[in-house]
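Across the two complexes that follow, chain A remains constant while its partner is chain B and subsequently chain C.
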Partner chain A sequence: MRRMAAGANRTGLIIIGLLLTLGGLAILAIGFGLAEAVVPGLGAQSDLQPVAGVFALPFSALLALVAAIILAVIGLRWLAAQIPRKDAAKPLRLQRDARTGVTTVTANVIAEAVAEDLEATPEVVDAEAILRGSAKQPELVLHVDVDERADIDAVVTDIAQRVTRNCAEALGSPLATVAVEVGIARTKQRRQRSVSL
Partner chain B sequence: MSTRLLRTRPARVVPAVILAIVLLLLATALGWIGVAAIVATGTIDSAMNSGYPGLDALGTLNWGAAAVIGVGVVLTVLGFVFVIAGISPGARRLSDYRAEPAEHIGRFEVALPTSALSNLAAAAADSVDGVSSVRAASNAKSTIVTFSTPVRDNAPIRDEVEAAVRERFESISFDRTPTVKVHALRRQA
Partner chain C sequence: MSSPGTLTIADKVVEKTASQILKGLPGVGGTTSGFLGIGANSSLENRPSVDVTLSGRSCTLAVQLGLSYPSSITEATETVRERLSTEVEHLTGVTVRQVDVAVRWLKPESAAGGRGARSLA
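Moving on, here comes the complex of A and B:
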């Protein structure tokens, strides 16, 4: 329904995963003496003094600080990207000719009206709507929670024939794409939906 | 136009959050050492080991030491896991529904998430007489229903539950109707 940073997550995982794998394999290759063929003298018995020497170089503390800032920025931006985004449409311009005036409608206004229209269907317990795209190419994303005993085919037909038609009429153009995710609302307590005699 | 509006595969949020937090921890450690070194020596050209002398101990280790090999193994395994998580598409989380197109809709996608399949199956099984509690687990193609019953001879109830869930799924126009498996647990009520 809302957009997640799936592409960024996968790219980040692959890049960091490859770096870790290569680093780990390099350590293992030196540790098991396999790197001696490539770099003579770099065997299992040699110590990590060259690595420790890097930390003793002048200005290395300043470089560590810069690296820390870069890593922190990447980490924070990656975390912030995990917040699901609605990506609703920018205000829709509905006028035919901009010289005679501009008519704009916020996408959320239409989305809320669609959600309310959906909830008018008796079997729909809860509904959320997002309008994306533009006034000429509107994309409607819907999530409906229907009752566990609802006739799902009837709910989908109602969405296809009534709710989306109302939305298309309001926008004045056919909907380019409509995506519906149907969830099931379970009544937790049996008592709430039954009468004991 | 081929990209779907509904996301079918997992977005790998959990491993991404873990890695982002690890990056932040690494940044904190590096920053701490850097600041400590600069504060300790009072000059901008200080080395990292004056902030954290433990770094010098690294020089005494051998490449063949168990600790170094252990770090290498852990890094390789973790890296491999992250690469696999990034490349493999992961389990489908939506079951497609065969939606009838309408003239005012260009493309019509309807889908039920696996949680909806589980809830549908559990609700259908719950309506059968003799069932005391139900659990259902689903992927995009199949559902496994586990119910408990106080009745000793539970084969008829099992068949009835299977029929109820199957009938419920068949009443919905799935692209491919999910298969149903039913397990019974006998439990004293």
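Moving on, here comes the complex of A and C:
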């Protein structure tokens, strides 16, 4: 239902991998004495004085502080990106001619109606919907919890034939994609106390 | 020769008129505000809320409403727009230039019976 930060993780891990690979190659180069060609005196037995010299500069502490702040910001943003998000669509504009006024409806309004419509399906205990995409290319993601004795085929058929049709009718355009996740309700369904004949 | 006098219409009058016009539209409802937002009730029986911005002898309307579901939001709001444009002008003499509509909720017909009691029909 919610989107994870897979792309951000891949990018971050690639950057860290590249940095570690470069660091490892540099250490290997120093170990094998290949670095002396680039930095004279930087050999396997050297005391790293040329490298240590960089850290002895008067503004080294300031540089280290700036680098630490940048790394902290990157780290926090990466951490924040791990929070799963709905990525719902932006408010939809559904008017025919904007010169006579605009019609706006949020994705949440549509999603709540779809979920409520879904919950009217017999055997569906709970439902959640997320509308993504745009007004022209709407995408619907559904999660339904059904009763453990439910006929899941019937529930999926009802979603395919009624629920998605209703949503498309409301939006005025066919749904580009519909994803359905079916779960089994863990709690017992509320006992029915009456019946209408 | 004395002037026949002037007719002044307050913006609140236009708002109430527009709101009352919408109350008669099937499948269109509103939300009662309740007390400090507590006890707010969204229903197709309530009047939608309308804000008016007057500019000379014309106005723009901002409508907040709910609709029955499923029905085409575009079609329903175009009907709202057309009805307001013609009837507000007819009743008040103020020309409606634009009608902005914000759909705040959708009420599925299937949910009207509630979930506790299910029909065998």
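Everything that follows uses one rule, which is that the second predicted complex is superposed on the first by the 163 of 197 C-alpha atoms of A that agree within 3 Å, B and C clash if a C-alpha of one lies under 4 Å from a C-alpha of the other, contacts with A are read in each partner's own complex, and residues count from 1 in each chain.
Methods note: a contact is a pair of C-beta atoms (placed from the backbone, for glycine too) under 8 Å apart; a residue touches a chain by one contact, two chains touch by 3 or more.
Nothing here was measured: the structure is a model prediction, and the numbers come from that model.
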Go through the superposed model and pick first if A:113 touches only chain B, second if only chain C, both, or neither.
second
Have a look at where A:37 lands relative to chain B and chain C in the superposition and call it first, second, both or neither.
neither
What is the contact status of A:12 with respect to chain B (first) and chain C (second): first, second, both, or neither?
first
For A:122 in the superposed arrangement: first (chain B), second (chain C), both or neither?
second
Between chain B (first) and chain C (second), which does A:75 come into contact with in this model arrangement: first, second, both, or neither?
first
Of the partners chain B and chain C, which touch A:105 in the superposed model: first, second, both, neither?
second
Could you say whether A:154 touches chain B, chain C, both of them, or neither, answering first, second, both or neither?
neither
I'd like to know which partner A:170 touches here: chain B for first, chain C for second, both or neither.
second
Broader residue contact with chain A after superposition on the shared chain, chain B or chain C:
B
Of the residues on chain A, which ones does chain B touch that chain C also touches?
165, 190
Under the stated contact criterion, what part of chain B meets chain A in this complex?
4-7, 9-13, 15-17, 19-21, 23-24, 26-31, 33-35, 37-38, 44-51, 55-65, 68-69, 71-87, 94, 97, 99-113, 115-116, 119-120, 122-123, 126, 171-173
For the complex, give me every residue of chain C touching chain A.
60-61, 69-75, 77-78, 81, 85, 98-108, 110-111, 113, 115-121
What residues on chain A touch chain C, complex-wise?
94-96, 99-105, 109-110, 112-113, 116-117, 119-120, 122, 165-167, 169-172, 190, 192-197
Chain B contact footprint on chain A (complex, rising order):
1, 3-6, 8-14, 16-28, 30-33, 42-49, 51-53, 55-65, 67-72, 74-76, 78-79, 82, 132, 139, 141, 148-149, 151-153, 156-157, 160-161, 164-165, 168, 174-186, 190
